[in-house]
Amino acid sequence: MKRIAVLTSGGDAPGMNAAIRAVLNQGMHHGLEVYGVYHGFQGLVEGDLRLLTVNDVHHQIKLGGTLLHSARYPEFKERKNQERAIEQLKKQKIDGLIVIGGDGSFQGALSLTKLGFPAIGIPGTIDNDIPGTEYTIGFDSAVTVALDAIDKISDTAASHERTFVIEVMGRHAGDIAIWAGVAAGADAIIIPEESFDMEQVAYTVRAGRRSGKDYSLIILAEGAMAVDEFVAEFKEHVPEQSVRGVALSHIQRGGAPTARDRVFATSMGAKAVDLLLEGQAGVYLGINEERVSIFDIVETLEKNEHKVREDLYKLNLELTDRDL
Amino acid sequence: MKRIAVLTSGGDAPGMNAAIRAVLNQGMHHGLEVYGVYHGFQGLVEGDLRLLTVNDVHHQIKLGGTLLHSARYPEFKERKNQERAIEQLKKQKIDGLIVIGGDGSFQGALSLTKLGFPAIGIPGTIDNDIPGTEYTIGFDSAVTVALDAIDKISDTAASHERTFVIEVMGRHAGDIAIWAGVAAGADAIIIPEESFDMEQVAYTVRAGRRSGKDYSLIILAEGAMAVDEFVAEFKEHVPEQSVRGVALSHIQRGGAPTARDRVFATSMGAKAVDLLLEGQAGVYLGINEERVSIFDIVETLEKNEHKVREDLYKLNLELTDRDL
Amino acid sequence: MKRIAVLTSGGDAPGMNAAIRAVLNQGMHHGLEVYGVYHGFQGLVEGDLRLLTVNDVHHQIKLGGTLLHSARYPEFKERKNQERAIEQLKKQKIDGLIVIGGDGSFQGALSLTKLGFPAIGIPGTIDNDIPGTEYTIGFDSAVTVALDAIDKISDTAASHERTFVIEVMGRHAGDIAIWAGVAAGADAIIIPEESFDMEQVAYTVRAGRRSGKDYSLIILAEGAMAVDEFVAEFKEHVPEQSVRGVALSHIQRGGAPTARDRVFATSMGAKAVDLLLEGQAGVYLGINEERVSIFDIVETLEKNEHKVREDLYKLNLELTDRDL
Amino acid sequence: MKRIAVLTSGGDAPGMNAAIRAVLNQGMHHGLEVYGVYHGFQGLVEGDLRLLTVNDVHHQIKLGGTLLHSARYPEFKERKNQERAIEQLKKQKIDGLIVIGGDGSFQGALSLTKLGFPAIGIPGTIDNDIPGTEYTIGFDSAVTVALDAIDKISDTAASHERTFVIEVMGRHAGDIAIWAGVAAGADAIIIPEESFDMEQVAYTVRAGRRSGKDYSLIILAEGAMAVDEFVAEFKEHVPEQSVRGVALSHIQRGGAPTARDRVFATSMGAKAVDLLLEGQAGVYLGINEERVSIFDIVETLEKNEHKVREDLYKLNLELTDRDL
């Protein structure tokens, strides 16, 4: 193996650049040339790739987004596109591919492997919703940005003794809501994985105020309910309160990646290169117990589901459990 | 004059705490006792005030929001409430009042002055929309937060080569949009003070892409149009592009005040105390040419309008003016 | 058990307030009264403690430092002071104590337990240097602040094509240096746990420049060498370069705690209350595999040593390994 | 005039990139080609310049440092180097030059103008020490970073009830110290422009503690005294206190430029292009009363001195003036 390539696919996530840089640096360590594929799988099919140099990546380790650009490209499910991708790679004498993205992107990596071209996945998504691994690149940064925004909003909440309902990202997963919610000292955390009772939430918010809090925070995962809908319904349960809703939206995807996101992105980027050289393929990496783990794409994605930290969710229920 | 009081009114703004602290410290410098009125004019009418100590304020200089809490209280227009307010102040032997808030709050200060109780206003609002002064407490912090959010969003915008329309605060004024927009290198800035042509905006965005930009930003003042409405209409003009809308919302009100907001809040807080001691009333303070200025409430609010920095608006038009 | 107390000891660390708040909230959940001891063990001996209310803690979850103040107090090793501490606790009918601090503080907790007063430790130190646990409260925040500072310095480094040697905290441990160093893409990381060769560092820095980097970063743990000394010696090995040294110093101890620090501080604070109620004592908590773990103070501190992430250290050597 | 060039010289400052981008964009608006000179005056002499494109600058508006790199180059005082510089410019058919830097850099611009090549200066230095203008690019960012660091340190200061002496940058000017000091609520601000009495400082610090503060801050401009020296001397005056010194050092030069720095850098960058086209030369720009001003290099630098905001310095003395 003399040449490998790397691409980013799906939604961008802070830390992807650190992974790309690690792929290049570890490749150089092993004497490989590393190509960057621009615009994800679409760029791969169209041959939009070129040799990466240190100059392309060394400043980017501290920047959000992805220097390779990214895109969704459902057409990659079609076999003819997969074959064209392999042609493009072979044309450049590239022998292995690293795909940074979500579980959809891993299916793309798998399809190449099945056609004989070795590919390995690295989990890059702020949603943390990939089975097997406890961590995905960008999650820590997204929680950090969400928490910073919630802290800011709590200044206004306190000044006006208001209740704020704050919608955070996460697609179908409640991970960002749980971590940001516990960290913010939220009165309630609403996630798609757990049912909730609006009257119980109202009780908890009221009990918090009664105990001396001058504001209340409800952190709502986007996968559970839209914030406007929640606020409209919730207001009926607390007619005495001033309630506002805010959707944090796209700020959660951007900004400088945290140390944790950069360190794990770097670890996985380097490991992916090592694995390709060892002849592995059809697998993806993850972080469990703070170390890099390896998962079979077929096995893991089929037989496992992503699980939120239920223990933290319950912890928050206990911490806010008090009599009205 | 032996005792004065201070209150915050209307929407909270970062830097209000620095002004409160300056009122206390400058009061101490002059040998005065300083009372804090909690919950704005409503608290004043209800007698919700108490002696401030250094301990109440010295950590707060670096925190957003207002330690005195704030509230809107339109009932203060009623004379009986104004009289009750003066009773409450006199009960505590307080001889002067400093009101930190928007121009509505200044009318409250004026009404007390007209009834013989000296009051002075300090402009505290993130919207920067008060006539006479070029600066209001919280504006610089709001622009800072907005810009930080826009920078974060631009990471995603670049990764996906998207156009983002970002709605910022400012009520009827375009100031936050102009400053954040110029600072972000926006393709277009839309403010209530200036008309715009959707097709022209589309042209500019396209010309920017043509010139080499991998993303586009449109900064939209909330007073001009709602972001969803704008995006829906704009999409028809750029059907080839991926366009997203984001409303930054309440994060812009919170967070640690900037140095500028703290320095000017401190300057005005101290000056307000000096003026009360000199026997002035019915005036409010502002910052022009980087120094504290004094404005007559009646004269200035009646005869002047707040003006945005039209020169900066035009500068942005020039900087983005290029051929498609 | 009806009443418990909590104190912070040793150097302050961001997240301590989140732990204190969790102790109070979890105590309230179990129907306990929670006292705060001010000024660490010295305050305990002197009876400087009082009932905590929600109002004391609910804003503080987002603030660095410790609302209970802290201090070093070596005199607590004396038995008479330990006995006086227990007297003070019994006077207030307090039956259990939670001590947030470093391993020295755990010895204080242990001495009380040996005298029959149940006490439990929670690791709070930015240095991450406590045996058994992989994580201590404040470490993630310290790495975050250090990395942010390093990123800032790299702007200047790149502008002037300079090499910066940046000294980070960590006492005798290299943890902050390793995490911040890998995250920053450092050319070299110098820690007390690993020997290094100045000429080899010079080679790596030169090879990095040769490969296209326009600046170089060396992250130096304070436990390994003082920055001025390092720079003086290093300059002799790279006479052609512009080299500067910076000690980040105390900024690393402060600032808003990260989500991770707040979540784990909250988890451990709540768990400590549960354990006291279960009758446990003489233990301390930690985080392994992202979950709360329990360690016997005697057993763990005697038989274990803190270990740095050697794997990450070696990863950085590989990533920067290239020919000159 | 068809082609102009831009360079950065002296120490880097956040916002320089915004100025470079504005020069390019305004140049494009006027139909000019804009060249970037790399590595300051040295690069100019050596012919290290090339055509700038939108792609070179459009991401950089939000980044610190200077994309053109910078360097000190005292040899530019020699006439032969100035002549060689003009040759290099003429070789590329460049007719005007914009120099972003400190007053030393303006002398370089002036020398070219005197030799018949039109050049214009833009003040870029974090020190704010240029006569005539009230503002220099990077100053607001440096104050922002310094204040953020001071806020962080105050967390530790409060936790341990300590006095911190914090050295900030500014070369011979006290501007950063004054703005950051007032904003931080410092007990004392020490600047080179004003003498001070160590015993008086000690009195103020003690009086602050007496009034209820749980920590003290002294902000020290580097031009006044080195922090270690100050601390050593100060400790003798407050033997009862725990006093620590910190030099903030190079972090103050880096990081994302503030909105203010970007807006004014943009304003001046665009204006410099307009002026070159109008045939002006030998002048530099500045900001007074929040608008761009023009200064003759010879006249202004010879006859004026930079002045600090003495009013703010005195304000801080008043605010901290209280009886022990």
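In this document, chain identifiers A, B, C and D correspond to the written order of the chains, with residue numbering beginning at 1 in each.
Assume contacts are C-beta pairs under 8 Å (C-beta built on N, C-alpha and C of every residue); 3 or more make two chains touch, one makes a residue touch a chain.
By chain, with names taken from UniProt: A, B, C, D = ATP-dependent 6-phosphofructokinase.
No experiment lies behind these values; they were computed from the predicted model shown.
Among the remaining chains, the Cα-based centre furthest from that of chain A is the centre of D.
If you average the CA atoms of chain A and of chain C, the two centres end up 27 Å from each other.
Centre-to-centre separation between chain A and chain D, using Cα means, comes to 39 Å. For the pair chain C and chain D, the distance between mean C-alpha positions equals 35 Å.
Shared interface positions of chain B, defined as residues touching 2 or more other chains, are 151, 154, 158, 214. Chain-to-chain contact here is organised cyclically: the chains close a single ring, every chain touching exactly two others. Contact annotation for chain pairs lists A-B, A-C, B-D, C-D, with touch applied as defined. Those residues of chain B lying in contact with chain A across their complex are 8, 11-12, 14, 63-66, 69-71, 145, 149, 151-156, 158-161, 164, 214, 244, 246-251, 253-255. In the complex of the two chains, the chain B residues touching chain D come out as 18, 21-22, 25-26, 28-29, 53-55, 58-59, 61-62, 134, 140, 143-144, 147-148, 151, 154, 158, 179-180, 182-185, 208, 211-214, 256, 258-260, 262-263, 266-267, 270, 288-291, 311-312, 315, 318-322.
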